[in-house]
Every structure is written in C-alpha cells, then in structure tokens.
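Below are two complexes that have subunit A in common, paired first with subunit B and then with subunit C.
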Partner chain A sequence: MFEKLLLLVLGAVAAFLSLPIVFILNHAFKPFHELFLFPPTFLVRQPTLTNFYDLFLRSADSIVPFSRYLFNSIIVAAFTLTAVILSSSMAAYVLSKIRFGPKKIVMGGIMLALMFAPETVSIPRYLIISWLEINDTYFGHILPFIASPVAVFLIKQFIDQIPNDLLEAGKIDGASEFQVFIRIVAPLTMPALATVAIITFQGVWGDTQASTLFMQDETMKTLPYFVMSLTSGMANTVAGQGMAAAAGLLMFLPNLVLFLFAQKRIMETMVHSGVK
Partner chain B sequence: MKPELARTHTSTLKAGAQPVRALKRIWNERMAYLFMMPFLISFIAFILIPVIMGILMSFTSFDAFRFPEFVGFQNYIALLTQDTVFMKYAIPNTLKFAFFVGPIGYLLSFGVAWLIYQLPKDARDIITLAFYAPSMAGAVALTVVWQAAFSGDYVGYLNNYLLQLGLIETPVLWLQDPKFLLHIMIIVTVWMGFGVGFLALLAGFDTVNKELYEAGKIDGISNRLQEVFYITVPSMKPQMLFSAVMAIVGTLKAGAISTQLTGLAITPQYAGHLVLNHIDDYAFIRFELGYASMVSVVLLVISYIAMKLSYRLFGSKDGE
Partner chain C sequence: MAGVSFKHVYKQYKSEPRPSVMDFNLEIEDGEFLVLVGPSGCGKTTTLRMLSGLEEISKGEIYIGDKFINYVSPKDRDIAMVFQNYALYPNLSVYENMALGLKLRKTAKHEVEARVKKAARILSIASLLEKKPSQLSGGQKQRVALGRAIVREPEVFLMDEPLSNLDAKLRAQTRAELIHLHQELRTTTVYVTHDQTEAMTMGSRIVVMKDGIIQQADTPKVIYGHPRNAFVAGFIGSPSMNFLEGSVVAEDGKYYFHNKRFRLEIPEKFNASLKSARLNKIILGIRPEHILTEPEAVSRSSNRISATIDITELMGSDTYVYLKLGDDMVISRVVESSTPFEAGDKLEIALQLEKAHLFDAGTELNVMNV
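And now, the complex of A and B:
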C-alpha cells in the first residue's frame, strides 16, 4: 500500500519535473502559427519539421551556418572525451595502484579541485589561452577540459576495488605496466569510464565558456553558443523561438541517448563515489 | 595505506647522496610519471596556475593592456568599504540563492533519492531518469523553456494559466520585475539540480549494510525516520560528502542563470546579481581585471569554507 501510494506521488512529481523536457520536445515540432497561438498551447497539434528545416537550411545563407556549429561541437566533444578518458584513467591507475612519490600531494590537489568551477578563474584562463596562442583553434576548446578532477576521482575509486593479486598475476605473466593497464585494468573499469564519458560529454556539449571567451572567430564557436545567441535576444525575435527549441532539443538528445545506454553502469560507479 | 604494487625499491644509498637518491627514485617511478603526465600538465596549466594567477592578480590594478600594477590589499579594502553593489546586492542575493540551491537543494536530493530507493526496482530507473533529465539537458538548452514559461506578456505560459485561474489580473513581468527574478532563478536552478550528486546519493543507499537495519530494529528503532537518521546517514557519509561537494560546484556554476534567463549581463536593479555576475561585470564590461580577480578569490575562499564545512559534517573522523 505504502509502495503504491509512494509510486503515485513520486510519479506525479517526476512527471511535473520533466515538463520542461516534454515542452521542448513539443515546441521543437510546432509550426510557426502554433508557436504564438493565443492562448498558448503546451502540446503540439500539427507536428512539422519546419523548425529543423529552418535550422539546417535557412541558416545556411547566414554568415555561419548551423551545421558549422554542430560540426564544431561534435569534433570538440569527440576529442575531449577521448583525451579526458585516457588521461584520467591513466592518472587514476597510478594514484590507485602504482608507487608514485608525490602521490599524496597530487591526491590532495585533486580532492581540493573537486569543487573547482572554471567560471571563477575565467580571466587567468583567458590569459593562458592567449599566451599559448590557441585562441580560435580546437585546442582552445579541448585542452582546458582535459584536467577533470571529478573524472580522476571517480575512476580511482573504482580501480581501488580491483584486487592487487590480479595485477600481480598479470605482471608475473610478463605483462608490462602499460599492458596491465590496457588488458586488465581498463576492461574492469568500464562502468567508471562510461560514467566519466557521460559526465564529461554533458559538460563539454553544454559549455559556452570556451566559445564566448576563447573563440573570437564566429566559425569556431559551438552549438550551445548558437543556442544562447538565439535565446539571448529572444523576447522579440519571433522566428527564433522555434529554431531555438529545435536546437535545444538537438542539444538534449545525445545526452539522453548516452545516459539510457549507460544508466546501469553509472549507478554502479556511483556506489564507489564516496569521499572517505 | 594499501599495499602498493611496485617491484621497485628505493635504493639504500649512503647519506650524502640525497639528490642522487631522489633522482633515482624518480627514475624508478618513471612509468608512473609518464602515466600522470597528461593529466598533471593540463591540471597545472588550466587549474593550478589560473588559481595562483588569480590570487596574484587580486593584489594588482590591471586593465588587460598595461602591465599589472601592484596595489597591495587595496582591492580587498575597496570591496569592503566602497563597493555598494557588492554589499547591497551581490552578497545578500548570493547568500539567499546559495542557501536554497545548496543546502535546501541538497536535502531535496537526499529526500527524493531516499523515496526512490523505497520503490520497487523496476520503477526506480524511469523515475530517476525523470528527475535527472532536466539537469542532463543543461541550462543552455532549457533557457528556451524558461523564457517561454516566464514570458512577461499574455502568451507567457505561467501568465496565461494564472490569468485563466483568475489569480492575477494583468500579466506579470516575471523576469524583468526585481521582485520575482531571484525567486525564479532559485526555482529553476533547483529544478535542474538533480545531477551527479543526486545519482551518487541514490547509489549510496545500496552501500548500506542491510544487516544494520535488522540490528537496528532489535535495538529499538521504531520508524523509518529514525532508521534514516541513525543507520542510513552514518553508513553512507562518504557518498553524502561527494554529493555535498558536487552541490557546492553546482551552486558556483549556476551563477550564470540570471544572464541566461534575462539575456542581460546585469539584471534590472541588480535583482538577480550574484557574485559570479559581479566578477563578469568587472572582468568583461569594465575591464578591471585586478578587481575582478579579487572577487574571484573571495568566491573561491567562500566555497573552500563551504567544502571544509561539508568535510566536518560528513567526513570520516580519521581521514582528512
């Protein structure tokens, strides 16, 4: 009885909280006249692909076509993901299983940096990016994201669970440190890697800081920046709203798909997320 | 400490060979250094150095063109004595915003996670997804939704429903009226706040030893609330700490929400002005980078204190 009631109440709350998602899903498919109907409608009546058509084709005439932002986003996300997973898992392996002199200091730094929000040091970051002369390059999008304390922490916690005997056995069989890492540690750490991939993807895919600060060239900016530019002056731009909804939906979908694929693994990783 | 896996041993060289020994140790651990390299380099370049630079710059007057000029604590003194916008708006707004988004949002996450955990297993995933989805979509994508919902004219969704219900007589300018903006920022941020920390809490319930509940019953725990307080919370403190740290980051990052909602860098009458907006104002509008860095440092110190507090609350006694 308690369970049924609880399910009902939680279900209702959950449904209410996912209204924005339902809304954006409907809004993106509304034809022009439905977007500004009075009284406003929540659900779409005659779904159309006009907004997506506008997004991809009509904006092709503008200075920077939508497809360019999308392309940039995909490139940046793909490279950042790969880089974060590689660098974080390698660092996590060392911190968990290998003798390493300054381990205590590095670990302390990571624990402190868990609360790091890049927004707080945007000025020095901007200066560093300028000195490295990676403004208006993909490096400017990717490099600042590679250091991900949360990723290292989550993977390290997960590797801690792998028994040392297993790694020893590998070494006795003549595997090098690198082979142990690739053949034994990496496969066993898959759930954590999947989790980190998703968290990183969400961060990068939705990031506007790099585009606003480090990229002056419009052709190097990414999808969220484009969505932001559509919404920032939206109160008046009638045509923008449908396009913004369509673009917003395109931003949300990859996240959703990835999460659905990995939900089980994420929960598995989160079991080990405790800070002791 | 766990036993470490390494075939290497520090060589037992005689005294007087300290640097040699240190180098030798590093050489022996060369694989570890190699593995750490990519992470460490980018950690130093994009986290450590920026923080140090921020601290150094906070003691200067710097306009991005001329070389920064050392001014000692002048920026800090100006903040405390002259910056009325900071004192009158940024601080009170941020305290209120952070209180609801931080601790209250955290308690909500915990409560919801606990309730979800009481559900049968097959229902959990879908309900979790519904709570997590807004955070997953992200603030940028959902700006479209919030702007349409809180639009100040008759076609705004909230206005329209309230008008139909007869609760208001004329449309309310939700995002422009200083009375409402901060509240809407809080609601929206809490709405999108069921993120990684929430997932960690949910998973944390699985780490609690089930036998403890049985033992608790024998020891006289009579209701669920006592169970949560005496068994669940102490058992999953590590998860609660991780989640608390994530809540702090989330609150810090959420500072941009006022700009996203209103499309303005500075909100009308500073109604939604948070410390993060104050930094952006001085950094990218007034180009007083030294002063902006000083505000950043203050913000970092505040969040550091919040983290220390979380460790006090949830940290294990021996660690830290």
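And now, the complex of A and C:
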C-alpha cells in the first residue's frame, strides 16, 4: 500500500518536473498565432516547421548566419569536453594516487576554487584572456572551462576508491605510470568521466559569457548568444519568438541526448559519491 | 630463473622513529621457496615490497641474479606478484587480466594466447577465461591472480599473503596446489605470511622476522627443532610452545630447573652450554606434545609435576589440555588418552626435558646457541 502511494507521489512529481521539457518540445512546433495565445498552452495544436525554416533559412541573409553560431558552438563544445576530461582526470589521478610535496596546498586551492561562481571571476578572466591576446579565437572560449575544479574534485573522489594494489599490480605487470592511468584507472573512472562530460557540456553549450565579454567579432560568437539576442531586444522581439522557440529546442536537445547516453554511468556516480 | 640477495637492507620511513626493516641480509637460492613470516608490523611485507620495487630501499643493496636492482623500476625487474586481495583488473576479462602483462611487454599475439591458455590449463581455469573478476568466487580469483603471475614466466614470484582471504578449507587446498605448482615450475618464490602453518608446510626455508629484524632463517625442521630464541620458539608451532620462568641451580655436577612450585632435573646434553649461561633467570620452553599425561609414561619419568585441568579442547585427532601449574598455564597436546579429562581434576604430568629448550630470560636467546 505504502509502495503504491510512493509510486503515485513520485509519478506526480516526475510529471510536474517534466512539464518544461514538454513545453519546450511543443513550443518549437507552434505556428505563429499559437505562440502568443493567452493563457499559454502546453501542447501544440497545429504543429509546423515554420520556426525551424525561419531559423535556418531566413536568418541566412542576416550578417552572420545561424549555421555559423551552431558551428562555433559545436567546435567549442567538442574541444572543451576533450580538454576538460583529459586535464581533469590526469590532475585527479596525480592528486589521488601520487605522493608529492605540496599536494595539500594544491587540493586546498581546488577546494577554494569550488566556492567561486563564474560571474565573480569574469573580470580577472577578461584580463587574462586579453593579456594572452586570445580574444576572438576559439581558445578564448575554451580556456576558461579547462580549469574545472568541480571535475577534478569529482574524479579524484572516484579515483580515491580504486585500491592501490590494482595500480601496483599494473606497474609490476609492466605498465608505465601513464599506461596505468589509461589502461586501469580511466576505464574504472568511466562513471565519473561521464558525469563530468555532462556537467561540462551543459556549461559550455549554454555559456554566453565568453561570447559577450571576450568575443568582439560577431562571427566568433556561439549559439546561446544568438538565442539570447533573439529574445532580448536586439532583434524584433515579436517576430523573433518563433525562431527563439526553435533555437531553444536546439539548445536543449544535445543535453538530453548526452544525458540519455550517459544516464547509467551518472547514476553510478551519484551512488558512489553518496554511499561509499 | 635467478636467486635473490639482500645485503644490509634498511627501510626507514620518515614518519617513524625506528627503521621498519633493519640490516636485512639474506641469500635466496635459485628455485627456492622462501617464506617470510612474522607478526603484523614485523617488516615482512615491506621487505617484499622493496624487492618488488614498489617501495624504495633506504639503505643496502638488493640483487636479482647478478643484477643490482635498487634503482630499477618494478616493470624492469622481471618479477610477478600475487596480492592479498588479488588485485584483478575489474574491467577486464580473466583472459585480458592474464594477458595484460604480456601485451604491455609487446609479446606476439599468438604467443600471448598460447601462454595464457597453458597457464589456464595448469590452474584449471580454462573455462573462466571469458568471465569478469566480479563473476568469480574467491578461490577462482586467487587462481586468476596466480595465473597472471605465471604467464609472465618471471625470474621471481612474490606472494603477499595470497591465501589469507580464503576460507580454511580452500586455504589448505590452495596451499597444496601452490606447493605442487612450485615443484612444477621451480621458480624462485618469496612468500609472505603471518600464518606459521603456511610457513611450515610451504617453505623450503623460513625467515622469521620481528620488529624489522631477522630472528632466524633456516629450514622448517631446524626452526621447529632448534629455535634460536624464545620469540621464534613461541611463534612457530601450534599450539605454541609453553614457557615457564625460573632459575637453574647446580648441585653435584647436575643442573636443576626450579621455580616456586617445582624442581626438575635438566638432562646432561644441556650441561656444556649451561656452564657459560647466566643461571639466575632462565625460561624453560617446552612444546605441548612434550608434556605427557598418560599415567604409564608419567610414572616412568623423573620430572613429574601435579597440575589441575582447566579446560580441554577437542581438535579431532588431538586434544589440547590446558593445565594450571599454580600461576602458570601450560597446554599439553594429547593424541590418545586412556582416561577422560574433566575440568577441575588433578593430574600428574611429566615434562620431557630432553626435548625442551632453555632461554636466557634477559636476551631470550636459546642457551644452546650461545
């Protein structure tokens, strides 16, 4: 009886939490007149692809076409993901398993860095990026994300649980430190790596900071910046609503797909970080 | 295959005041099965880890064959190690676990396969090759860990308490298999254990350690029969040797061991060594099987003591009888008894002193060695 009640309550909560997803899926397919209905509706009545048509083709004759923003976003996201996973996991391995002098200080620094919201460091970031003269380059998008204390911390917690004997067995089997990392540690850390991939992707895919602050050249800006500009004043707000809805769905879909792929791994991480 | 030699090896951890291993000197011959045994914290595992290269050597030299290996990394020492918790790679199948070491050494693929299959056949795990370690029982994991070591065909096997995670029955069985395996492969093996039974049954030579120092290194028979000091005597043998404190007095050219409750005549074979020993404080050590309880045997002996039975433990063929001698407690191992033992009963017992050992209470050294 209690279990049925639980099921009912959890089902209701899940349904409520999925409303935004239902809305975003439907909204993108609404014809122009349905977008402005009051009260607003969740479900689309006369689905149409006009919004996507507008987004892809109509915006093509603007100065920077939609496809350029999309291309930028894909490049930035791909490089950021690779770089974050590589650098964070290697840093985490060293911090977790290798003895060296200032380890505690480094760990302390990472813990401290966990406490800063990205907004608070935007000015120093700007200074660093302009000092490195990487404004208007893809590297300017990527660099701020590579330093990811959350990723290092998460992966380190995971690697901590791998028994040292395994690494020693690897070394005796003939593996170098790097081979131990690639062949033994990395496969066992997959759940944490998947989680880091999702978190990082969400961050970089939705990021407007780099486009707003570090990119002066319009052709170097990314998709979320474009979506933001559609809805906030820069374009005609009324006419842009359809395109904004379609772009919103495009922003959301990659997150969903990545999550569905990595879902099982992520659940493992949640279990691991909670219960030892 | 090769021998191993330790020359004045020390291990000093920064955080600890005294060295964990002190002046470790040992020659291990090619093909030998050497067991390092001692209580936990005695430095046996540290010694093994220094040999494996997982731990740095603070001072001294280690050679495998003629090769000086102090600064050689573990992968280049040509050793294979079996860990207490097996340390199988959980993400790899049994086959891949066994093959990894060969693959990392760039062995040809067909040879990897041949060697893994051969090892699997020797250890009868051929049917498990496709499984993941999590699908195996403890005994099977143990075999895979062994298999991973033998496919490499190394100069030296290192085993760090490989049987301690198995249940008693499986442990005895695997022990026998390990002995068999060693007879077949004849690879030099260094085996660490805290279990004296394993040491006695498996080792062609035993090194007993305590506090980082070698107490005695010899064959099981010598260690059991002629322990160099009271620690070795007490550590090897189950149930362990009984110790009685007292002093030795000389009368009419004969020596007597005596304490508050009794006085025993010491056999002549001790005379020579007792002349030079300090006699005022002596520990008499006698193994449980040398304490007789059969009335017939007791009556023939001149060294009789009366004792009270405290408890008895039936071990199957043997019975361990715990006897109170005033404040002292001794254990007698009785194989067959004509009379039943009842707790609280008084009993005459006899000590076979010709098989006993005398230790200096100060240095704990066997007086026969001095």
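Basically, the second predicted complex is superposed on the first by the 264 of 276 C-alpha atoms of A that agree within 3 Å, B and C clash if a C-alpha of one lies under 4 Å from a C-alpha of the other, contacts with A are read in each partner's own complex, and residues count from 1 in each chain.
Keep in mind that, in the parts below, a contact is a pair of C-beta atoms (placed from the backbone, for glycine too) under 8 Å apart; a residue touches a chain by one contact, two chains touch by 3 or more.
Every value quoted in this text rests on a predicted model; they were computed, and no experiment measured them.
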Is the arrangement of subunit B and subunit C around the shared subunit A a clash or a fit after superposition? fit
Using the superposed model, give me the angle at subunit A's CA centre between the CA centres of subunit B and subunit C, as a multiple of 10 °. 80
In the overlaid three-chain picture, which partner chain does A:His27 touch, first (subunit B) or second (subunit C), both, or neither? first
Broader residue contact with subunit A after superposition on the shared chain, subunit B or subunit C: B
Classify the contacts of A:Glu168 with the two partner chains as first (subunit B alone), second (subunit C alone), both, or neither. both
Would you sort A:Arg183 into first (subunit B), second (subunit C), both or neither based on which partner it touches? second
Least Cα gap, in Å, left between subunit B and subunit C after the two complexes are fitted on chain A: 5
Give me the intersection of subunit A's contacts with subunit B and its contacts with subunit C, in residue numbers. 168, 171
In the complex formed with subunit B, which residues of subunit A make contact? 2-3, 6-7, 10-11, 13-15, 17-18, 20-21, 23-24, 27, 36-40, 42, 83, 86-88, 90-91, 93-94, 97-101, 106, 109, 112-125, 127-128, 143-144, 146-147, 149-150, 152, 160, 164, 167-168, 171, 177-178, 181, 199, 202, 205-206, 208, 224, 227-228, 230-235, 241, 244-245, 248-249, 251-252, 255-256, 259-260, 263, 266-271, 273-276
Within the complex, which stretch of subunit C touches subunit A? 52-54, 73-75, 79-81, 83-85, 87-91, 100-101, 104-105, 148, 152
Once bound in the complex, which stretches of subunit B touch subunit A? 2-8, 25-26, 29, 31-33, 35-36, 38-40, 42-43, 45-51, 53-54, 57, 112, 115-116, 118-120, 123, 125, 127-134, 136-149, 151, 154-157, 160, 164, 191, 194, 196, 199-200, 202-204, 206-207, 236-239, 241-242, 245-246, 248-249, 252-253, 255-256, 260, 263, 276, 279-280, 283, 289, 292-293, 296, 299-300, 303-304, 306-307, 314-316, 319
Considering the complex alone, what residue numbers of subunit A touch subunit C? 163, 165-166, 168-176, 179, 183-184, 187-188
